[in-house]
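Common to both upcoming complexes is chain A, partnered first by chain B, then by chain C.
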Partner chain A sequence: MSQSEPPGGVFGLSYDGETRVSEALKLVSTAIIVLVGAWPIYWMTQLAFTQYETVESAVTVFPTPDIFTFDNFNVLTDPEMYTYMFNTVVVAIGTIVTVVLVSLIAGYGLARLEFPQKENFARILLIGYLFSPIVIGIPLYQIWQNIGLLGTRFGLIIALSAISMPFAVWLMWKYIMTIPEAHEEAAWVDGASRWRGFRDVVVPQCRPAIIAAALFAFALAWNDFTFAQILLPQTETTTFAPGILRAMGQAQFLPDAYLMAISLAMTLPPLLFAYFMQSYLLKGFQVRAL
Partner chain B sequence: MASETGESIRPGRTYIPWDDLPVQRETIAGIGTVLPVVVLYLLIAVLPIVFAFWASLHEIHTLNPEWQWAGLSNYREVLEISTFWGSLWRGIVYMVGSTLLQLGVGLWMALVLNRITRGQKLLTAVVFTAYLIPTIIVSLVAMRVFDPAGGVFQMIGAEWLGLWGGREAPLGSRDWAMRLLILIGTWKFAVFVTIFTLAQLRAIPDRFYEAAKVCGANRWQMFRDITLPRLVGIVTVVVLLRSVFMFNKFDIIWQLTEGGPGNATTTLPVLAYKTVYTEQAYGLANAISVVMFLFLFASAIIYFKIFNPSEEVETTT
Partner chain C sequence: MPDIEIRNLTKVYEESGNEIVAVDDVDLTIKDGEFVTLVGPSGCGKTTTLRCVAGLNKPTSGTITFGDREVTDKPVQERNIALLFQDIALYPHMSVQENMAYGLKITGFSREERIARVEEAAELLQITDQLEKMPADLSGGQQQRVALGRSLVRDPEIFLFDEPMSDLDAKLKAELRPVIEKVTDEIGCPTLYVTHDQEEAMTMSDRVAVINDGELAQVAPPKEVYDEPNSQFVSQFIGQPSTQFFDGKVGAVNGTAELDVGGYEYDLARDGLEGWAGEDIRVGLRPQYIRVSEDSEAGIPATHLLDEPLGDATHSFFDTEFGEIVVVTDPDFVGDGKEYGLVFDDEYIQLFDTDSGVRIA
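On to the complex of A and B.
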């Protein structure tokens, strides 16, 4: 070991040796993460293209031409499945719109306006992280029944919006604080009202935060099972997650290959978002909206 | 709303004497902006919890909501039924096992992702997919691969490793159901730990490491003295949040095992759900809900003791 190198590494390795070991570990780790992370998605995809009789009877690794088929995707045109997916899309869009609107306005208020108990409000907001769908859902079942929201997509949308709030509001708040207030002041000097300043100066600059909040709202709505299971008890109005579970319990004929095909269809939007919008996702977390 | 330009004094519009009001206009506007959030919270959090407490004092049939005053007898019943204590114990096993595993895997992934130079975009996408993919799809794939008829993991476990019998469904086995639930959950939820710790790791300036290198520190020392102290805070918060989330986990357990075989994977949320829909005892279920809420509440207090949000409020990132 020459004099210029830092002395004594882990296990008595030289600094270069240490670098080599850590590089190797990093490579192995990356390989494991990619394999374990991507494997279920690959497996789902290959099963979705395999004939359902084969899926039920043998382990196949790749849909070779003799067992390859598109027929599994016919299940997507099944009216029941179509309704479930349509409901999920409606709930996701409704949740995104509600979350973005409410959190933008609240974030603006927290960042720009002074009002008493502001800090305490932010503090209480964080309790929202601890809301559990099962604890809230059981009482909500009767409450929604009494006010007629049980079994409506609207009832599910408000429940999901509420539990997205802590993340979305903190994100908007922190983000709006990074926009110089001088931009708005310039607009006010030119005669804009506070509302105009908000709409034409702040909102356009919030685009990354809006996309991040929308993505998180989407993830929550797309993911939700517990709320939908409790709050949408009728089969016709329910969303994908509880719907497919009920269909599995009731259907005479629903092979696993069909389930894989429909799962693949439901996975595509999140996959595309994860790939093309990850910079926004990371930004959302970097603002540290905890 | 009135504006600075005086547009508001248009005819036909009520003039609000802002200067005569006891509160400042900004205060009203400020409270107005957060009002929707407050309404949502009241409706989705405060109201259900008050309602659950009130309902837990009654004897209620789920489908025939005739409330009969029962006092505290539901709570007495909750504490007496053997399933409650069993579920609590299984819930704690599930919570501790999942949280530890997720923490280990999640931290490891964050450290690797932070140091990686090539293919970061793809790797981040893979990691985020687990976060965005619906739980039900994770469950469907898991049920497929552990199916005795043509499931690949069932085959590997039975034929190669001999962990269970050839015709046996591991998700329906008393020995394996809980372990598999923890493992399958970790695939999806470890990413939560990764995302939060990665944000923290990215915030450590490179010059810290350069300075340590100049001073002759090795990699382990750098990790121990620079990285680890910075992570302690966020890891505490993540462990607390993950524990609470896993203690309240309902979806993945219900989808994979419905609490079975027998009661082998029945945790408190599953027990509460079963009490509503299988036993039709809505009042009793609410009593379980209230007990779970008390657990959440205690966690919230610890959360605020450890992690002071007002520090966040003061920073102007």
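On to the complex of A and C.
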């Protein structure tokens, strides 16, 4: 073997051949991922813009002008659907606010204060993830019933926040640890109280982690089915996911095209949120030793 | 402006059951307008001392007084100090202007006053054109200027520095040293400057406090610390290259004292050696005071190892019967690996107790 010969690669081809093959394979795998990820969204979108009679009677792959329509979206003005969506938005925002506030303060405490069994406390936090929502859901139903939180959006916000919290607290803890303590000490030297230093110096620097935690909480709250189904039994307070299932079972007239229109309306916010926040999101998740 | 008085300051850390004494009974007074440098090797307790003065650490015992105000139990916010950190610690999400004005904002100054003060400080520090930038866009030296400005605008009672230049390169350090002196002069308050860099200590201070293992070894003006170290530690720590040490024995003491270093005899016209006749002793001599003779018969025979030419002087290394010896030689000196004789200038010989390291004569 001569010196200039590259070492044999995975496919035992020449250097150039190897590069071409791996480029081609990269393209193929990207195509597969895009197809799997994007196909359901495409299908939903195209059906949402197709006349519902057509959807019921034939399989179409594109809403050509003769079958194209916006009418499916009129279903969103239906008071029931409107309630579901409003509830979902309220619950999602409530969960985000709760998760961000609590995890910031808890993460700060873990990062900056000394207390016994700190490490163990943080580890136990993660045990929450070992249980599926349905396991927690049933005891929660009983507890919420006793203390009067059952059927309230507030009750669902608390339950969903609790589910997001371990991750969010862990994230904040590790993120705040990357902020040099000297920044805060400089603020104290400048005369800021501990709380003021936290607010003025730590919180603004946590923006990537706040966005990551918010996105995580948002995704969880927006997509939640189990908790909403268990904890919001009445139709007027329920959220989108269980609501649409109920609507499918109960409504006399709810064609697939309408369902797709509703689904599309509910899928867009998280998509946009994730898309525009992705640079922050990556920074937030980049914390070492997470 | 008050003096800083540190009395019997002790700080004990507890780490996995072990007690570590970081600062051991330190007494130090810094007069109004005085610049005192706390210098020592890493882990000697100098930063802990400073943090106790700042109020960021709580001393185990001892008191800290600013003028007639005892601040030992006061939190850092109530001490009205300025502190420059090793990692500069500018608020990365605020502009230079906001960084400098933050303290004033907390104190409740009006917007106009804040801007006026910041501009005045920026002018003194020559960073007027940087005010709109973010800290990340500044060089290390400029960042440290901003940090100085942040302290300057608040007109503090006490100025503390925690190795503020240890991350900067030598040229920037030399550039910033006069700036720091200018700023501390401008404020005119007592200054405590912590560093491990003896050059900073020597060049900027009114007095140098050498600290070792949590205890103050010597507190004196820079020249005195250099010329008249009171212990082996200070002699070895201050000065570049380090003092060279040898084992010696005191002979007859009679007006002059005879000193025997490995068979080489010196007559020292020195007081304070009464009672040391026949005792072992530690001999120290700065490399500046060792002369290299072409004649290998003169003084201690030495084989030249290598030269480090610095431009204004050369550090030459020799192999001798005492091990490796560094000598400061003429800038044009080229040793060439030949044989030489090392001659001690006995006027500058320092003598230390072999056990305690305390200076004897």
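Here, the second predicted complex is superposed on the first by the 283 of 290 C-alpha atoms of A that agree within 3 Å, B and C clash if a C-alpha of one lies under 4 Å from a C-alpha of the other, contacts with A are read in each partner's own complex, and residues count from 1 in each chain.
The definition used in the following text is that a contact is a pair of C-beta atoms (placed from the backbone, for glycine too) under 8 Å apart; a residue touches a chain by one contact, two chains touch by 3 or more.
Values in this document were obtained by computation on a predicted structure and should not be read as measured data.
**Q** Where does A:L268 make contact in the superposed view: on chain B (first), on chain C (second), on both, or on neither?
**A** neither
**Q** Could you tell me if A:A251 is touching chain B, chain C, both of them or neither one (first, second, both, neither)?
**A** Neither partner.
**Q** Touching A:M260 in the superposition: chain B (first), chain C (second), both, neither?
**A** In the superposition, A:M260 touches chain B alone.
**Q** In the overlay, answer first, second, both or neither for which of chain B and chain C A:A31 touches.
**A** neither
**Q** Give one of first, second, both or neither to describe whether A:I163 is in contact with chain B, with chain C, with both, or with none.
**A** first
**Q** Is A:M177 touching the first partner chain B, the second partner chain C, both, or neither of them?
**A** Once the two structures are laid over each other on A, A:M177 reaches chain B alone.
**Q** Of the two partner chains, chain B (first) and chain C (second), which one does A:W188 touch, if any: first, second, both, or neither?
**A** both
**Q** Return the chain, chain B or chain C, that is in touch with more residues of chain A.
**A** B
**Q** Please identify the positions on chain A that touch both chain B and chain C, taking each partner from its own complex.
**A** Touching chain B in the first complex and chain C in the second, residues 188, 191, 193, 196 of chain A appear in both lists.
**Q** In the complex formed with chain A, which residues of chain C make contact?
**A** For this pair, the touching residues of chain C are 54, 56, 75-77, 80-83, 85-93, 102-103, 106-107, 150, 154.
**Q** Would you mind writing out the residues of chain B in touch with chain A in their complex?
**A** Against chain A, the touching part of chain B is residues 1, 3-5, 7, 26-27, 29-34, 36-37, 40-41, 43-45, 47-49, 51-52, 55, 65, 108-109, 112-113, 115-116, 119, 121-138, 140-141, 143-145, 147, 149-152, 155, 187, 195-196, 198-199, 202-203, 213, 216-220, 237, 241, 244-245, 248, 250-251, 254-255, 269, 272-273, 276, 282, 285-286, 289, 292-293, 296, 299-300, 303-304, 307, 309-310, 312-313, 316-317.
**Q** Per the contact definition, I'd like the list of chain A residues that touch chain B in the complex.
**A** 6-10, 15, 18, 22, 26, 29-30, 33-34, 36-38, 40-41, 43-44, 47, 54-59, 102-103, 105-106, 108-110, 113-116, 118-119, 121-136, 138-143, 145, 158-159, 161-163, 165, 169-170, 174, 177-178, 188, 191, 193-196, 218-219, 222-223, 225-226, 229-230, 240-241, 244-245, 256, 259-260, 263, 266-267, 270-271, 273-275, 278, 281-282, 285-288, 290
**Q** For the complex, give me every residue of chain A touching chain C.
**A** 180, 182-183, 185-193, 196, 200-201, 204-205
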